[in-house]
Structure formats: C-alpha cells, structure tokens
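Since the structure comes first, as structure tokens, the remarks are kept for the end.
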Amino acid sequence: MHSRDSQLNNARVVNHTMTIIIWSVALSTMLLPLSIISDVFIKGLAHLNWSFLTEIPKNSGREGGISSLFISNSLILIVCLAVVIPIGITTALYLNERVSPNDKVDKWIQISLDVLAGVPSIIFGLFGYVFFCQILGLGFSILSGGLSLACMVLPLFIRLCENNLKNSPASYREAAEALNISHTGFIIKVLLPSVAEGIGAAVVVVMGRALAETAVLIFTAGYALRYPNSLFDSGRSLSIHIYDLAMNVPGGMPAASATAIVLFLLLIILNALVRFSCRRL
Amino acid sequence: MYKFKNIIIIIIGLTFCVSCNNNSKTKIELTGSSTVAPLIMEIGRRFERLNPHILINVQTGGSSRGINDIKNNLSNIGMISRELKDNEAEFTEHTIAWDGITVILHKENNVKQLSHQDVLNIFTGKIKNWQKVGGVNKKIVVINKAEGRSTLELFLKHFGMKNSDVEADIIVGDNQQGLNMVAGSPLSIGYVSIGAAIFEAENGMSVKLIDIDGLESKLSNVRNGTFPILRPLNLVTRGQTSKEVMEFINFAQSAAVSDVINQHYFVSTNANK
Amino acid sequence: MRTNKAVELMLKASAILVVMVLIFIFSFIFFKSLPFITDNQLSSLFVDDGWYPTTNNFNLFPIIVGSISIMVVPLLLSAPLGILLALFCRYYAPKSLAKVYIALIELLSGIPSVVYGLWGVLVLVPWIGQYAPPGASLLAGWIIIAIMILPLMVICVDNQLALVPKKWLSGAQALSITRWGTIWKIVLPSCISNISSGLILQTGRALGETMAVLMVCGNIVQIPTSMFDPIRTLTANIALEMSYATEMHVSVLFMSGLILLLMTSILMSLAYAFKRQPVE
Amino acid sequence: MDFMKKNIKTLNLQEKLSIGKKAATLRIENLSVYYDQQLAVNKVTLDANPNEILALVGPSGCGKSSILASINRMNMMIDDCRVTGRILINSENVLTDQYSLTKLRQKVGMVFQSPNPFPMSVKDNICFPLKDHGLKSKKDREVRMFDVLQQTGLWDEVKDRLNQSALKLSGGQQQRLCIARALALKPQLLLLDEPCSALDPKATEKIEILLQELKSTVTIVMVTHNLAQAKRIAERVAVCWSFNGSGRIVECSQTDIVFNRPASKITEEYFSGVAG
C-alpha cells in the first residue's frame, strides 16, 4: 500500500509545482512586452492632446496632429477589406465546399496560400509598386496601397476562414441535406451565420495585420500628409507615419510614440467593434 | 444578417463618392532621397498655399528610386542628395540647398577632435582603441552606412577608401537610424548629414559633432564652402518640363523658402551667391 | 444539395482570381531575379568574396546564415513559453483573467514591428552594448523576434487546445486526475502534432520580419561566431538596399526574395509533415 | 399573434386538415451497402405499408442505420459508399439516377439521433426550408408553420417565442421542432434514426404519442434500440442481426408475433432480455 500512496502524492507534488511554474511564467513573460508598451505610452502621452487628433501634421509631422492620416488610413483599410472580405470568403467557400472537387489543384492552392502568407511584406510592396502603380497606372495612391495590402493579407484571411468553415458543426449540413436545402440557401442562411463569429475574428486579425504594415505602403500609398480628396490621391497611414517620424525626421520621437498610442486604441476599438457585431449576427 | 448588409452598402457608397470626385488640380509627383523629402514637403506645403490649383505629392525611397521613377515617368521631379553621375547625363539638376557630412561621437566620449588620418585609420580598422586618439581604453564601435547611399559614397571619396576596406561593427540605413545608434552606444563613431546631427544635438540627443583637422563642424563653414565634405541637394528633371514644374523648382530655389531650409539646418543656395 | 450554377460560377471565379494573383506574385519575383540567374551562375552567390553589390560581388551566403540563425533560437524560446501561456489561459487562469489575458495577447500581436524596433534601438541595444559592444547583435535579434512571435504562438496553441473534446476533460476530472496529469497525459499528446505544425508556421512569419531586425541586428555581412556578433538577414538586406539599388543589384535582391520563398516553403512542408487530423 | 388569428378564419377547414398526399408504400429488395468495399448490409428485403410505424430493432452495429440512410440516399454524402439492390417508394425505384434527389428528398423526411435545428429563430427553422423550396408567399408559409407546430404539439409551448433562437429550446422541444420542420415539406415517408435516445422519458413519451398521431398522414420507419418503445408504438417490427460484420434482417412481422411467438431463435434470445 505504501508505494501507491507515495506514487499518488508524487503526482500531487508535480501538479502543485507545475501550477506555480505556469502562474509565474505567465505573469513574468508579460512584464517585458508590457514594459515596451508603457515605455511608448510614457513617451507619447505628453504629446497626446485633443489638437493632436484634430489638426493636420505640421513641420513634417513633428508638430500638429494626425487627423488627415485617420482619413487616408481608414480609406486604405476600406479598400483593402472591400477586396479581401468578399474574395476571401468566396474562395474559402470554394475550397471548403469542394465546389469542383479536384483535390490536386485544391492542395496546391492551399500550399501556395501558406507559402504566400510567409512571404516578407517588402516583396508585396515591390509587387504593388510595379503592378498597381506602374502597369495599372494608379500611381502612388490610396487605391494602389489598399490593393497591395489586400494581396498581402488575402492568403492569411482565406486560411483563417477555411479553418472556421471546417469547425462548423456537421449536423447542420446533415439536416440541410435531408431537407434538400439548396446549396446557396445552406451557405447564406446556415453555414455563414454559424461561423460568423470565427470570420469576425479573422477580419480582426487581418485588420490588425493591415494596420501594422509599413513596408508595403511605403512603395505604393506614398507619404502625403494632407487630406486625400480622392482614392487616386496618395495618403499616409499611421504606421508609415510612425516609421517616418522615427527613421527620417529628426526630433520625431514624441510624435511617433503618440501616434503609436492612437494606433493601439484604434486596434482595441476595432477589435471590440467587429467581435460585437459578429456575435449578434 | 440584415444589419451586416446595410453596413456594407454604406461603406461601398462612401468609398464610391470619395473616389469619383477626382478633381481638376494638376499634380506634381516628387520621389527620391529621404534626406531631401522632409524639406521638400514643407516647401511643397507653402507652395500649395500660394498656388491652390497645384498639388505637391512627395514620396521618399532613396536617390536611385528618384532617378528610376522619372525614367518610368511615375514622377515629375526626382530628389537626390548628390551630384548627377556621368551615366545620368539625360537629366538636368537644379540645386536647392547644400548639406555637409560630419563625423559624430557619443556625447560622453572625451575625444575633442580627430585628424583626417585618425578617421581614416579608425574606419579601416588600423586604430581599434579610443586610447590611441586620446580617449578611454575601450574598443571603438564603427558605424558605417548601407551600400548605395550617397552619404557613404561621398564619405568614402573624401577619405579615399573603398567600401570593402571599411571594418564596420554596425551598418545603418537612414541618418536618423545612425544618430539613434550612436546615441545608444557610448563607444561608437559614425557619420551623418550635418543638418540632422545639429538638430538632434541641440534637442538633447546624446550625440556630439567632432571637428576634423581643427575645422569646426558648423553651418557657417558649410555656407562659406570650407567644410570638407559637401553635397548638393538636387531636384532632377528629364527633358522639357511643364510650366507648373518649373514654377515649383524656381520657388524651391528662391529666397522665399530659405527660412524653411535653415529650419532643417541645411544651407540654402542663394545664401552663397 | 441542389446546386445553383450562377453561385458556383461566382465561387469558382473568385478562386481563379486568387490563383491568378498567386501566379502573378510568384512570377513577378521570378522574372525580376531572372537577369541575375541568366547572367552569372548561381554559385557566385556562395563563391564571391563578400557582399559588395556596387562592385558586383554578390556573396549572399553569410546573409542566408544570418536569416537562419535569427529564426532558430526564438523558435526554441517562444514555443515552450507559448504552450505554457496558452495552457495558463485555458486551464489555470480564472475566466475573467483569462479573457483579459487573451485580449492583451491579441493586442500585442497587432503592434507594428517599428515599435519593437524602436524599443530595441533605444533600450535593448545600449543595454547589451554595455557588456559586449557593439550591442546591435544576433542576441538582440533573438530577443526582439522572440517577443514578437510569442503572442502569435500563444494564439495558435490556444486554437489547437480549443479542439480538444470536452468529454475527455470531464472524464479525467471524474477520475480526479490532477490538472497537470490531465494536460500532460491527455491534452498535449492528442494535439502536440498540430501544435508543433502551428508553431513552425509562426516561425515562418518571423523569417519575414523586416523592420525590427533592420534596427537591432547591426546589419554586418558576416557568419556569426558568437551571439554578440552583429548579423544581417535577407529581409533587412532587401529593406536596406532595395531603394538604392541599380539593375543587377535589384535582381540579386529579388533573388534573395526567392531564397526566402524557398526557406518558407521548406518550413511549410516541415509543418505539414507534423500536421495530423485532430483525433475525434 | 393577431396575424395568425386573422389567417385561420379566412382558411376553410378542409384545406387546413389535408396534410400532404397519400402516405407512401416502401419496398426494399435485397439491398446491400458497402463502406469502402466492407459489406455493412447484406441483401436486405423489407417493406413498410402506408400509415403504419415499422420499427427496425437490433444491436448497435447491425447496419440498421445504414438501411435507413439508404432510403433517402443520405449515405451518398459518405465518400466511398456503394449501394446495390432496389428501394421502391410507391413502386418507383429511388436508387436509380433518373429518380431526382429533389423529388426523393421532398417525398422522404428524416429526423436524426441528436436534435439539429438550424442556428436560426424557431419561425425561420420551418419557414426557411419552405422559402428555399420555392413557397413564395409569406402567408402560406406561416399557415403551414402554424399547422405543423400545432400537429407536433409545440404551438402552445413556442407561440410567444417564435423569434427566439431555436437552440434555446429544450432537447425534447428541439427534436419535435425537427420533426415539424420535416413535416412542413409534406413528406409521404418519415425516417427517424433513434429519435429519443438523447431525450428524457417525459420528452420521449411526448414524441411517441406524436408519432402515433402522425400515422394517419405519413408512413414511419424508425430505427431504435429501445425494444419496449418498439413494442409500444410499432405495428410491425423488423429484427436486424449482424453475421460476421454485415447486417441482415432475421425476421419482420406484426409486433405481437415478433415479441410473443418469434419465428427465429436469434430474435427469441435477443428479446429474452426484455422485461416485457
């Protein structure tokens, strides 16, 4: 009997120590990234005031605000999402619903999507620079910036949507099959609503990736600081503003940190907004 | 599902109305060196206020991109921080300002000044310890610039070195990254545009400019041309240019913008005349 | 199910559009690097003495070694940490704390790499520089990449843990197996293969990191002998020189893009090898 | 709820009552089912008369669910499944390609083991399939919804929760909703795959009473492993047994014959465990 008891409390001891290890690791590893964020917050907070959000940048960004950048950045994001969401979801449906079951081709599509998701963003910048700016003649504009960004995040979005579609319960498909529901009706009324929350999360991930992107937009969307008055005008995104202030403009650090804080808050708000609206679908 | 649909309709409507009012303003596209871009952006803003019907779009990306974009006529004016090379004869250059290249050290580095030969030996690795040039007994950290940058070319030409001779510990891209790197390592030595260096030194960044052969690194020496390493900041065009483009170039060379040029710690051309 | 031709055509059309974009991008990279491939033999990538593009010596080998070495340690560092943090969120933290923790992790994964790079230059590099100048080094790259891919690792492991059937956990609880016993014996063995495939995919993303690496690694073209040696990765090389490159130099940079693609697909096939269907 | 009252008055009683055409007759002739070359059902012959409940009983793994799934070609969804033999509904063989899947699935409704309502409101769960099948007018759909909910005894329980999500209903209510959803398409044959195995006794009893009422309008084939249930509500019982991996029908006749004077020895042994 003795050995069994000791074996039992041995498991208890291991369990106890593991709990301590996991708790300490979880809290301590968060210290470093949080110290980075707080460092940025301290530097940027002094520079952050209401006028920072309402005025346009002055003296190449050192003073003034970033209001015009909100407009151009959101336009870039809208162009990107307007392309990525419809095409992403329909392609994910094509792959998941095995519309034309040709396994070899589908396998190759999935592999190339994964490889493309790993391609460094600077190559998408150059691709956009040559294809959208030169060949399609869109020049340095919000449109070519948004489209190149779309090419970059599309593979990631398709893979995320596909995983979500796979997790949709099989019982819905069985019921629809038995009731002889049309494939379109099944997709629109049953399949998509059941994975709406997952797709919402995918949209949030893609938006986060698009907002954090610098290399792509440098070559395509350009650097203009003023309000864009059409999609063919060049516009600067928040992350490029941070990059430019930090890398090219002497004395740009406080403004860069303030812009970084605004970008964080934007990420948090967008995250909550999309999650909330998809849950209520 | 219903709410989702009308959100999308609103967004599409918004983008459509924004994209269609492609107004009649003429646009001038400038691309090129990241040193010149901030200056031209400010000049462009002032020019737009005086000529509301013209839009000035400025993009950075480096001197060679400035040249390439004009070749593929993606832009009207190229910005380069160097003279035109001999194989770029098809372009015409218009100098708007002068900039010097100065050697910078960390603020606490007690070395006061260096000779031309000292700098050469440090960068080619012959001198490895600060003690040899009157500093503390520690290893020197050499910061060099990436291939293709005009600052690198001028620096090498002035000191008669080839890039392969330089034994660098860190290689940086833009000026600002060089400044940050020197400010971050007390034993480092690097070289950047004098304008950016003076601005940062005065705004509390722990960097200091060093005099070479007793010649002080300050703007007055750049202005009177005695500063050893000088480079023109050029606007470059190809073939005949439109009226608006010439208007902008003349404006950029005029005295009306010399305050902006001084604000960026460059030396405006008409000050020399 | 009754299929509707128009809708199927639409799905097929968008899939074809995506395939065209894929082909466009792959062929764009390939054609841009063609001048280099046809001009000198590929061996010059490894034979030339040093990387001095303006004088046409294109030895990329030290830079490739730089890219590989920058990726290995963060994988070994962030993978176990990622697993531990994901386990913490799912099995150890109370519900409210877990929600806040995951939200924080998602926020961290959204931070632009410029912010990490800046912190690196202003805080990390000087700190390392005190002990082993020059400061900007492979070690700095490891730390920055580890911090950047940790949130992604946690999210990917968390997704796998979500797939573990609930009935196994309640079964283990019924037999009053300790929490760690359940995790170690039941949860992890069932999804360890998918977790490792996910982790390798995330490392692929670290391979593509440009901005932060450019700022902290020193960008010296050399094969690192110690972790304090500065190195240059393929992505930093492209970012540093692409906008200043002329013809042949441009096509060599695209060649390095092609090499990056090759490395990513090797990682991808490694990840696919581990991937197994989750046990129902 | 007033719009419902308004519609009832305008509808003549007769039209409201006639739920679907005549109940179907089912005849299965030496049906064999192969899963990836593995024989699961071995030459089964079986028939179900109109307006009666046929119970398919037998131990798990004897292929009774495969037989049921072959009737409305549901096992077609499984990749490497092959079916031979004939299944005649109203003396038309449904296993041929000429017999369109649309026609088959309109004639044959199916209810699964665990309730699987769509992730929509209770009302949509019934109206959406009707709309999808082309029943254009909203009023007709609501009338038919009212009919089937009343018929399945759900109307009183859900009439003020029509727009709430169906997933919020109890297990028994969800299963009856699935039955109502199948009935809304006016099938002539209703297949149930162990409908009550996931439900509590009270909900099971409600379903059993409902099935007996439905006999008047539709033929029912039910797979169950609950022998007492088969004894209670089925007119005829088919006993299924597995012989080295493939299922065969051992006996099929009236309930009291099968339970009291079983012809085959296997049935006797299998039922001997039944407490009566």
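In order of appearance the chains are A, B, C and D, and numbering begins at 1 in each one.
Keep in mind that, in the parts below, a residue touches a chain if its C-beta (ideal position, glycine included) is under 8 Å from a C-beta of that chain, and two chains touch if they have at least 3 such contacts.
Not measured: the values here are computed from a predicted model.
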Number of steps on the shortest touching-chain route linking chain A and chain C: 1
Chain centroid nearest the full-protein CA centroid: A
Chain whose mean Cα position lies farthest from chain D: B
Centre-to-centre distance between chain D and chain C (centres being mean Cα positions), rounded to whole Å: 53
Whole-Å gap between the CA centroids of chain A and chain D: 47
CA centroid of chain A to CA centroid of chain B, Å: 33
Touching two or more other chains - residues of chain A: 176-177, 180-182, 189, 193, 246-247
Where chain D touches two or more other chains, by residue: 101-102
Contacts with two or more other chains, residues of chain B listed in rising order: 61, 173, 177
Contact graph of the chains (line, ring, star, complete, other): other
Each pair of chains that touches, named by its two labels: A-B, A-C, A-D, B-C
Chain B - residues contacting chain C, complex: 61-65, 138-139, 141, 146-149, 162-164, 168-173, 177, 180-181, 184-188
Chain A partner contacts - residues on chain B that touch it in the complex: 1, 3-4, 7, 11-12, 14-15, 18-23, 29, 31, 34, 37-38, 41-42, 45, 48, 55, 57-61, 72, 74, 173-177, 179, 195-196, 199-200, 203, 263
Residues of chain C defined as touching chain A within the complex: 1-4, 7-8, 10-12, 14-15, 17-19, 21-22, 24-26, 28-29, 32, 81, 84-85, 87-89, 92-93, 101, 103-104, 106-119, 123, 147, 150-151, 159, 163, 178-181, 201, 204-205, 207-211, 234-235, 238-239, 242, 254, 257, 260-261, 264-265, 267-268, 271-272
Interface residues, chain A side, partner chain C - complex: 11-12, 14-15, 18-19, 21-23, 25-26, 29-30, 32-33, 36-37, 39-40, 86-87, 90-91, 93-95, 97, 99-100, 109, 111-124, 126-127, 130-131, 151, 154-155, 158, 163, 167, 176-177, 180-184, 186-187, 204, 208-209, 211-215, 239, 242-243, 246-247, 253, 256, 260, 263-264, 267-268, 271
Parts of chain D lying in touch with chain A, wherever the complex brings them together: 72, 74, 77, 101-102, 105-106, 109-110, 112, 114, 116-120, 124, 128-129, 131-133, 178, 181-182, 185
